[in-house]
Structures are given as C-alpha cells and as structure tokens.
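For reference, the structures are reproduced in the following blocks.
In the two assemblies presented below, chain A is common to both, partnered first by chain B and then by chain C.
Entry: the complex of A and B
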C-alpha cells in the first residue's frame, strides 16, 4: 500500500489508524477492568475461580429437574432449564394469545374491539413486576391445601399452586416423543402434497382434513406399538458409537479444523466477490483486509488450540492433566445415551396418566402436593409465566395489528374483485405480506419475553438469576456467576434472533 | 339485453352523499366511458358494481343477478366482473405468473398447468410474455398495469371495470396500456372505463357519461358528447380539460 506524502490526510491511513487505535483502546479498557477486578478480589481473599462449578453447593432448589444439585454447575443448569421452560412455552402461548387479541382489535364487532383495546391499554401501562406480584397474589388468595379435604382430585388450585393430571414418562417415552414430532412433519408433508394435487389437477383435494387425519392416524398407530420403529435411530447411534471408538482422535480434530478453514475460506471469498465490481476487479478495500486478517487470526487460534493435544508438551503445560481438547466432548457417551433411550426392546406403554395427590409436608401440620404424581405448577412459576405471557402478548397484539393494517387496502380489494373467498384472501395475500412486516418486531418481543423471565426472582422462582445469586452468596464468586449469566442470556438471545433472521431472510420481498 | 342495470342507486359516507340516484344500463359488448371531476362519484359507482362499496338504496343487477348481502351472489358476480385499479394492486410477494394464475386456481379450480398456459396466452396478448417470472416490483408502471389487466382477464370475465387505469402512469406508459384496452374493446368485451383520457373516449367508446356531484348529468354518443353536448356542465367540463 502506498500512502500519499501527506499521509495524515490520506483516508486509507486514517481508517487503519482509527481501527487500530480503537482496538487498542478496547483492549486497554478490558485489561484495566480485569486486572483491577483480580486485584480487588485478591484483596477480599476471594480469588477468581471456577471451582464452585464442581463442588456440591448444599442448596435446595424449590423446583426443577433436580432439587438437591450435586454441583454448582448442575444448580445453574437447573436454573437455565427453568428459565427456558418459561421462555419457550411463554413464546408459544404469547404468540397465539397476542394474535387473537390483535385480530380482535381489528374486529368490526364493537364489543370485541373495545374490550380488547381496553385490555391492551391496561396491561401495557402497568410494570411487569407489578403484574407478576398480581398473579402471585391471585394464586395465594386460594385456600391452602390442608384447609379442607378435597378427596379424589383431577385438577386443583390452592395457595401451593395449580395441580393437574400428567403423563408420566416411562421407559419408552423417548421413542414415542420422537414418533410424535415425526407426526407433525408427516402431517405437513401430506398437506403440501394435497395442495399440490389441488394446484396441478384442479380439483378439491382437502389438504386440511387430510393432514389432520394423518396426524391422528399416525399417533394412534404409534401408541399401539408403531412408535417402536423409532428404535432404528438407537440402532444407528450404537453403530456410530462403535465407529467413533475406532476413529483416531486426529480424525475429529482435523475435521473440525477443516471445517474452520472451509468457512473462513468461504467468508473471505464471499467478501472478495462482494467487493468485486466491473471497474474495480478483485480489489479489496481496507475494511476487507482488516476483516480477513481477523478471520485468519481466529482460525489460527482455533487451529493451535485444537492441535495442541497431539503429543506437544506445550499442551500439557497449557491445559493440564485433563485437557479439554483431548476429550471427545462426550460424543460416544451421548450416542450410547441415545441408544439406551431409543431402543425397540423397550417395552410397555409410552406414558402413564397420574393424578395429583395432597400429602403431609414432612412432620408439620401443613400439606402440599406430592411431587411424584400429577404435575404441579408452583406459585412462582405461575406468577412469572402469567406475567410475561400477558405482558408480552399485548405487545405482540400491537405488532400483529400494525402488520395487518400495513398491508395496503388495495391488496384485499384486488383479491376480492377476483372472487377470492375471505379465508383464501387472508391466507394467500394478506398474511404472507403482514408476516413479513411483523417478523422483526415480533423477534424483539420474543427477546423481551426471554429476558423478562429474570423477574421470576421476585416471586422466588428458581430461574438462572435466582439460582446464580444463591450460588454467589454462598461461594463469593460474583464475577464467575456474572460471566455465566452473560454467556447464557447472550446465547439465548443470539439463538432466538438468528431463528428470526433466518425466517426474515427467507421471506424477503424481491424488488428491483 | 342489458348486462348491467342500476336503478336509482344512492350511497352515503356519513353525512356526505356520494351517489344521488344513478340509473343507467350497459348492453353486452358495449364500451362505456365515465368522465367527471374528482369527487363526482364515478369511482364510487363502479366500485359498487362489484360491491367493493355497498350502495345503500336502489338496485344493481349484474348479468341478471341482483347485488344483495347474499355472499354467494357477491362471489358469483365478482368472478364475472374483472376490475383494474388505478394503483395496479398486484400482489407484490407473487411472481407475475402467480399473480395471474392465483384466482383461476383457487376460484375456478383450474389445474396449475391449464392456468399457466392461459396466463402465458394473456401475457402474450398484453405484450409482456418475457416478464412472467419476475416480481411486480421489478416491472415498470405500464407493465404492471398490463399484468393487472391480464390478471383480471384470466378469470374470463363478462365485464371489465377500469378505475382510472392510466392516472398513476408516466405519460409515455399511458399509450401502452391504452393500446391493450383498445384491443380488448375491439374484441367485444363489455367495458366500463372511468378515465380522464378523452382521446380514448373519442376513439373507442360507444357511449360517454358525465358524472358531477353524485349525479349523472349527461349521457351521449362520443360524437355528440364532444361536439354538441346537451348540458352546460358538460360544456364547462370539456372547456376545462380540452
């Protein structure tokens, strides 16, 4: 690169200098923070460490897949899974509820329209925390379970939560679960097939009825034994697991490095193609060079990290006796697990139905729901769940409403003047265009919902923030827990937004 | 026999009366041009014919069927009556071909191949077969309006309504759309055209009407309308636009 004599006026020089200066500034800032934090932690006699992840924390988590976690890591995993339970089910319910409210606000029926407007205006002007407390108060206003005898229960609400019948998992549950997921795919296939028949042969082919029928036939057939076909996955997994043992370790490591190189190559060549224009063939801008250098650096770091295990002493020096990079990431164990769960030798019904029961709580005079039968939605879960769902669904309703309203009136008029039925018009003309407008703001609402679950701490729902706080109060590892929180929430957000972005790209409108 | 007949049609928007009793009829194969200043109710009237607007008083018969609140009648009439809008209203998320084949497939239950053959024929007829796979956003205004005409024709309508089809176009593109409309008129299609293109009216129309303030003020042959108008309102209108 040749600079002008007066390089301080050269745009290219300024750009590079700017980038490098900013990079140095950021590094400096971070290293200052880090060294300051280390110093302070040492001064308080609580040096930074991840050790608590392996030791037993001795805490009781009120609900989750484990209540007495064996390790700090497991405790945090319980918190994560609790958070995800609310976030995922909440996103589904809030989407449906929000769509209903949004469409209701556009209704021509005066009563429906006014009442949904009233709901939206009320809910969105009250802070979420207050709403969560409200739902907690609602459920706490029910009598406690010991206050009167309920006899045989199917469904019950008390100050201890909501209890309802539940399908308890059995040996063959995994098999049937996968069979059930496959039924959706089959129903969708059938729907598409019938639609294509309708389009190509020009006769009514009942896609909706056919797909619903497929769903039921598939699952009923599955319940009476058909689900065992899923065992083929377990069989394949066991083969793979055996194969994995035979594979030399260098195989996997090289594969990963190859993938790394492949993607960085693709990234770089895409950059080059993008910047290539008719008069400027293959000439890269400074930005591109900078990006390529960064990509190459990343690959280098990855490569060094992954090649370390191969008998180089520096590896032992860096990663100790139990080097992470030497591990097989539990892939064979995972495959064995799959093989154990998905196996056609597993017998019995896939699920059994159980009803809730009230039992005495320890030696006290109080009662509670039995944790072994039925399913209980705890007070904290209910309050957080209802809070985020109601709160988010009114915002989603506004997104839905604005999306539908943004589709020009002329579109419906054109469709109607062609003689389309209202339902066809909505499905083929209005919704595809409205969805496009709705997707990005919808994604924001999903992210909000996911992050708002952290308010569960206010009603003692043990999600990741509540559990993390318990852990650092006990172990003093504030920084470590904060890092885990950050990593967890950014992972969730990134996954969510990349799903949304994927659909967004898929639906993008072609214009000139 | 008249294919469209309206008897004393009235329409209000709140306090404002947009149509003050329109009675007229259109014979099969006739080309009728409706002229008039903006706000005179001419668009409202033709939008009543396929019930994009509802008239509140009077009667409209299309091909012998009266327009009422009966959904079946409305859908039947809409599939007989094609409409072309000022702002094209093509479906932006579908290709040109999909725009044209949508209604034949979903309303007429034609097979996809049959509908596509017909669509290509129509694109040939409006002169843009090479644009079939493009999206509306990639076409010029004149091309979009020609696709809109092809889309309406794909339903094989008995009547075509044109609501100011050239008003949103650049001057150079007006001609290509008018040429398609002229060809259509010559083929014997029944057409009602709301337009300010007086040249088109002179050349193609069988009859010209002037709307003003929600009323039908003049109804005449093009010759008489332009050269020897009956009402003073028509004289004023012509003096302003010619």
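Entry: the complex of A and C
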C-alpha cells in the first residue's frame, strides 16, 4: 500500500486499526465474562462440564418416547422430539387453518367476512401464554376419567387429555414408512409425465386421476409385502457399515480436512472470480479480503485442530465412542440402525390399529389412559398445540390475505376474460403469484411458531426448554443447557429458513 | 395522498335498501346462501355458549372483582397508595396535555357518529336477543337471564336506537369535535364507577364472609381518585389546547422531554419512596451539581473561542480518556455518569452552540439536565422505604407496564445502533452485529428470561447484584433491540443510494449523514412494523410469569386460583384467565387501532 500522508492519518489504516481495536476489545470483554463465569462456577463447586449428558438424571418425563431417560442426553432428545412433534404438526395445521381464515376474510359474504375478522382481531391481541392457559383450563373442565364409566371407547375427552385410536408400529413399519414416502415421489412423477403428455400431444391425459391412482396402487401393493423392496437400502447400509469399519481413524480426519480444503478453495476462487467482472474491475474491497482471509484461516484452524485432542474427539464422535460421555450414536451405529430397521427379512402387517383404554393409576383411586394402546393427547400437549396453532394461523391468515390482495386486479380480470373458471383462475393465476409474495412472511411465521412451542413449559409440557430446566435444576449446569438450547433452536431455525429459501428461489419471478 | 384531499372525494355509496343489501352480501348465489345460513347459525350458537358461560351461576366473578387491587399493584402497601395515584395521575395528565397540544380538532359529522353508535347499539341488542335464558349447571337447567330483564334491555336499546336515529335525521350535517365525543365516553366510564353496583365480597366482624354478597359500587375506594384524575386530565387537555392556540411550538419539546422524564421520576422518586436524607442532598448532591453545571457552561463558552477551535478535537479525546479513567476508579457512581455526559457535551458543543444565543440555550439545558440527573440518581440509589414481603415493589399490571415501557425505551437506541452496525461497510463490526442479532433472534424469549433469572449473575463479578425485575427488563431490552434492529435495517435498505451520495456531496460527516439524512427517512418508513413489534413485546411481557415474577398473568393464573384464606377462590382459573385475556385485549387492541389511525394520517405505507 502506498500512503500519501503519514500512515496514521490515512483512512485505510484508521479503518482497520479501529476494527482490530474493536475486535480486541470485544474479545477482552468476552474473555473477562468467561473467566468470571468460570471463577463463579468453581466457587459453587459445580464447574462447567458436559458430563451430565452421560449420567442418569433420575427424572420422570411425563411424555415422549422414553419416560425414564437413561442419560441427560436422552432426556434432552425426548424434549427435542416433543418440541418437533408440536412444531411440525402445528406448521401443517396452522397453514391450512390460516389459509381458510385468510380466504374467509376476503369473502364477499358479509357474515363470513365479519366473523373471521372478529376472530382475527380477538386472537391476535391476546398474549399467546394467556391463550395456552385458556386451552388448559378448557380441557381441565372436562370430567376426570374415574368419574363415570365409559365402557368401550373409540374417542374420549377427559381432564386427562384426548384419547383416540392409533396405528401401532410393528416390525416392518420402517420399511413401509419409507415406501409410503416414496409413493409421494412416484405420484408426483406420474403427474408430471401426464402433464407433459398433455402439453405435447394436446389431448386430455388425466394427470390428477393418474397420480392419485398411482398413490393408492403403490401403497396397497406395499401394504401386502411390496415394502420389502425398500430392504435394498438396508443392504446398502450393511455394505457401507462394513466399509466404514475398515477405515482407520486417521482416514476420517484426513477426509474432513480434505473436504474443508476443497470447499474453502472453491469459495475463495469464486470470490476472486466474482471481482474479475466488468463492474468490479478486479479490485478486492475490504470485504473481499476479509472474507478470503477468514475462509483460509478457518480451514487452517480446522486442519490443525483435527490433529490435536480436539480432532480426535471429532472422529471419536463420528465412530460413536466419544470420551466425555458414552454416545450411542455415530456413523457405524447409524448404519447399523438402518440395517436393522430396513431388513427385507422382516414381514407381517406394518401397522395395527389399537383403541384407547382407561386403567388405574398405580395403587390410587385415580384412573388414567393406558400409555400402551391408542394415542393420548395430554393436557400440556393439547394446550400448547391449540394455543400455538390458533395464534399462528391468525397471523398466517393476514399473510395470505395481503398476499392475495397484492396480486394486481388486472391479472384476475385477464384470466376471467380468457374464460377461465373461478377455481381455475385461483389455482393457475392468482395463487402462484400470491404465493411468491406470501412465502417470506410465511417463513417468519413458521419460525415464530417453532419458537413459541417453548411456552409449553407453562403448562408442564416437556419440550426442550422444560426438560432443560429440569436438568439444570438437578445438575446445576445452566451454561451447558443454555448452549444446547441455543444450538437446537438455531438448527431448527436454519433448517426451516433454508427450506423456505429453497422454495423462495424456486418461485422467484424470472426477470426479463 | 395530500393532493387527493383537494380533489373531489369519491362519490358516497348510496344505501340501496335492506333487501338489495341482503341479496348482494348474503344471498348472491346458492352456495353463498348456504354458507350464510350455516355461519349465522354457528355464530349465534357460539355467542350463546360464550354468554351462557359468562352469566352462569357457576362462575365466581367475585374472584376477579375482589382481587382487582392485587391485579393492579400486587402487594403495594395500602398506606402508600397515594403514590400509586400520583403516578397514574401524572401519566394521565401528561397524556391529556399532549393530547390537547397535538389534537387536530378533527370534526365528525353527526351522521357518521350516529352510524357508529347505531352499529354499537345494534350489536348490544343482538347479544341481548340471543343470550340464553337457562344454562345447565351439573345437569339441571337454571334460569339466569329472566325474560323480563331481556325485554327491559331490548326496550332501552330500541329507545336508544330511536333517539340516535332522530338525532341523525334532524341535524345530519352538523359537525362536532371528535375529542369531545371521546371525553363524553370517558366521563360515562368514570360515572359508571360511581353508579354500577356489583356483588362484592365482604366480611363480618368475626371474619366470616357475608352470604349472599351485597351489591356495592365496583371498586368503591377508587371512585374519588379516578374522578380527580379525570378532572386533571380535562384540565391538562385544556392547557394543551390553550398553548397550541397561543402558538407556543417550543412547548412540544418540553412535552416530549417530560414524557422521557416522567417515568424516570416515577421509578426513582414517586413509586419507590426513597429514604434519601436531606443532608445528603444539601452537602453532596447540590455542590456536585453546581460544580458540574459551572464546568459545563465554561466548556460551552471556551470551546468556541477562536484560539481554542484547533484544539477542540484534542479536548474531546482528553475528556474521553478522563471518563474512561474515572469509570474504573472507585468513586461515586454519580460522578462516573456525570463525567460521561460531560464528555458528550464537549463533543457536541462545538457543533450545536455556534452562536451566542444557542450557547445560552445549551447552558440552560445543561444545568437543568445536571440537576435533574443528580436528583434522579439520588432517588434511585437510596433505599426504598416500601417493604413488600417476598417480592419486588412492582407487581401486577404495574410490573407489566414497567417491563414493557423500559424494555422498549432502552431497546430503541441499541436497536438503531445494531442496525447501523449490520449495514456498516466495516466487516468486523458488521459481522459482530449480525452475530448478536441472529444469536438473540434464534432463541425464544423464554430461554432469554431464564438466562436473565439464572445465568446473568454468573457473568458478573461477585457482589454485583441485580434486582429480579431489573434483570427481566435488561433481557427484554436485549431481546427487543435485536428485533428492532431488523426492522430498522429494513428501513435503511429502503433508502436509495442517491441519498447517501447527496449527503456526501454536501460534505456532511458520517454522523451528520446518519442523523440528519438517513435515519429520519429510514425510521419513518418502518413505523408500522416497529409499532407491531412494540405491541408484540407488550404481549410478550406476560412470559415473565413463567420465571416467577408477579405480573398480571402470574397473579391471574397462579395466585388467585390458589387463594383460600378469607374468601375461597380455589380453582377459579377460568374466570381469572378470561379476565387477563380481556384486560390484555383492551390495551393491545386500542393501541393497535390508535396507531393505525396515526399511520393513516402520516400516509405511511401508501406511497
């Protein structure tokens, strides 16, 4: 760099010096906080550790795939799965409900329009937590199961929750599950093929009927043994598992480093290539230099770190015997699981239907629903689920409404003048354009929904925050639990927003 | 938007008769008719069920009315209630003052007003009409709404409709000022506290509950304070209109600063009842204040002398260094803050006080600020004489307001700084700000509240203790500023590059460019999302109930349903939750409506 003046008065120097000073200041601040925290934790005889993930917490989790978790890790996993149960089902239901309310608000029918507006104005101005308490109060106002005899039941509501019939998984359920997912792909393929036939040959090719037919034939065939074809995946997994055991530990580390180097090389070359355009004239801005340095630095840290104890930890992590706590996961364990579940020697009906039952709770006079048969929606689950769905769907309805209203009126008028039916008009002209506007705010609402499930803690629903709180009350590892919360929610947000971004890119208008 | 007003207003839609309206809006086609009938049936049955629920004898609404005091101020000692009333009165009088000052004197045609009234009365009639006569109480049907009462209500309603209709017919074009209508409604509200009687829980001398509950005016201890406060509000409103009429536009700044000052005064002096000690003020605070105001005035005078001008920059740096040094020295906290604001003064004085008159103004502002600041700090740092067993002196609705207000107020500057940092061209600062914003946003609010209540003390040196409520406010502010930053960033992105370039071309410094050119436009563009962010933050304050602070919702969901001493309100969760819901709803809904009107007036979001 050539300086015209004294270098300490040059703006380029000052900029970087200021930033580095700022960085140092921040690092100093953080390290102060961290060392203070370590000191305080040591003073309380509970130094920071991850050990609680491996030990048995001795807590009861009221619902989830395990009631008495063997390890802290498993307890947290139960919390995560409970949270995801509400979030995923909530997203689907809230989207449908929100669309219905949004369309109702645009209805020409006065009563429908007014009542849906009233609903929206009521729900969105009441805090979600109040609503969750409200739904809890609603379900608790039903009589308790022991208050009167219900006889044989199919569907039942009581102060203990909502019980309904459920499909119980059998041996071959995983095989059939994969088969079922594949059926959607097959149906979609058939649909596209019929549409292309229709477009190229100009004759009616019944894409809808064909795809629905495929779906049913595929699944009925699968139910009676066709699912065994999925066993191929299990076979491949067993081959991979054998291959993985041959790979030495150093090989894994080298592989990670190789991948790291490859991607950072690709990133840097892309950045440099970008600056070689006519607009940028090959000039690297501060930003570009910073990015390149960071990319190179990160991969170097990775490469060095992988051959230090930290690196051994990573590879231990991958092969499933992490030293801090005994993990039951890792690549070989995962492959084994796949191999066992997707084995084509498994047979029989993949699912059986079971009905709920009321049993006595221990030695007491109280009754509860049997956890083994049927399915029970517990009070906490119901309250959280209802609250989150109704609350989010109202916000989604606003998104839908504004999305539809934002489509220019000329578009629907043009469609009508072409002689399209109202339903076709909505499906082919209005909705695709509205969807483009709706997607980003919709994604925000999904993220809000996922975060709002954390309010389940108020009604004793054991999602990740509630379980985390139980665990840190037992073990005192607040910092570790908080880091896990942060990592979990960030992952969920990242996954959700990348799905939304994918669709957003796909739907984006191709500019001329 | 502005031009449209001078143009012809769109033709008024003529009401074309009931049958035509019905045909167009309800029975336009077969499917629409079926939908109408079904939804009318659904709406009527839902309303019947809700009304039946509310008036059923099973409901113990006395649980709410008996505990209104608990809901509002929790366990604030009754002997000091005058402080609560002063707080409320101060805020409401200020509201009246700025209302009067900023009132547009909007006029409403009687016809429009009557139309609104008719709508309201007819929905009241609708509710009376469909209210169920009998409700099921444990299998037996009990009469709760006598038909005679229904007829009387219907007759009154129809009479009202007739009266309003007459008014509408006789003088449809007369205009009245909208504010007067609002005052009419408010005085009706205040009057109703005197008149309306509800069943009230009362005890005999032997501490037994009188059965059945006698009818007494609702909250009969509050009638006189509310009436006085209402009077104060009208008085303040009149003062506001008077000042406006006199054209004292400089008053707007004074009103704004009193809005900033009032909450601080309330928190440090009025609500807390500080044990300040007069000798402290006389021997310590006043000398310090005098010294600093003299120092500041001297600084303002000298900094603009021609000889000093070249060294201004070095004086500022020196002052900054001094401030940092003082910050780490073991001196009074007051001094640290005063040195900090002196540094601020030194750095802005050369630009602001460049003429004789503005130097004089700045000197006055400076002295007043120093005195007020030092008195506020004295109040805030003294021990509070109010003792609330087991919790903070803030509780109930007061706590909800406190967290919402200070959370938002503190988050505002931080949000703007974070947004500027995120859009900065300096990579380190940008990445830091982005990381903070995304980190805060990725995790739900409740986990941050846990962070505040359990972990915050871990990161602080021993002996530094935070009040529970203060921690909640800090966490709320952090959380809110991240969201605010995203909103402000949206505004910053909406500003065209031309604005930046123009500012550079005029030769403005970075600070001037941001404060004078960019921020005013950016903030104006994002008022609607910021308002909805504020509303959602107000709703989110209810989450502090989960970490065990005694806010409105905690009292409603945990405290009252477990009350068994005195009156027995065990298990009255439904009533209390519904009360909380209605209470929150009234505030958020009216706030949302009000802000929508202001947005419309400013013409935001329509460009």
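We adopt the following convention: the second predicted complex is superposed on the first by the 467 of 512 C-alpha atoms of A that agree within 3 Å, B and C clash if a C-alpha of one lies under 4 Å from a C-alpha of the other, contacts with A are read in each partner's own complex, and residues count from 1 in each chain.
Criterion: a residue touches a chain if its C-beta (ideal position, glycine included) is under 8 Å from a C-beta of that chain, and two chains touch if they have at least 3 such contacts.
For clarity, every value in this text was computed on a predicted model and none was experimentally measured.
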Chain A as common anchor, with chain B and chain C clashing or fitting
fit
First, second, both or neither for A:432, with chain B first and chain C second
first
Counting touched residues of chain A, say whether chain B or chain C comes out ahead.
C
Which of the two partners, first being chain B and second being chain C, lies in contact with A:40: first, second, both, or neither?
second
Using the touch definition from the top, say if A:424 reaches chain B (first), chain C (second), both or neither.
first
Quick check on the superposed pair: does A:203 touch chain B, chain C, both, or neither? Answer first, second, both or neither.
first
First (chain B), second (chain C), both or neither touched by A:413
first
Does chain B (first) or chain C (second) touch A:346, or do both, or does neither?
neither
What is the minimum C-alpha distance, in Å, between chain B and chain C after the two complexes are superposed on chain A?
5
Could you pull out which chain A residues touch chain B in their complex?
198-204, 408, 410-411, 413-421, 424, 428-429, 432-433, 436, 509-512
Counting only contacts in the complex, chain C reaches chain A at residues 25-26, 28, 32, 35-36, 39-40, 42-43, 425-429, 432, 439, 442-447, 450-451, 454-455, 457-462, 535, 539-540, 542-543, 545-546, 553, 557, 573-574, 577-578, 580-581, 584-585, 588-589, 592
Sort out for me which residues of chain A touch chain C in the complex.
15, 18-20, 22-23, 26, 33, 36-37, 40-41, 43, 107-112, 115, 121-122, 125-131, 133-134, 137, 140-141, 286-287, 290-291, 451-452, 454-455, 457-458, 465, 469, 472, 478-479, 482, 485-486, 489-490, 493
Along chain B, where are the residues that touch chain A in the complex?
50, 52, 75-76, 78-79, 81-83, 85, 87, 89-93, 102-103, 105-107, 109-115, 135, 137-138, 148, 151-152, 155
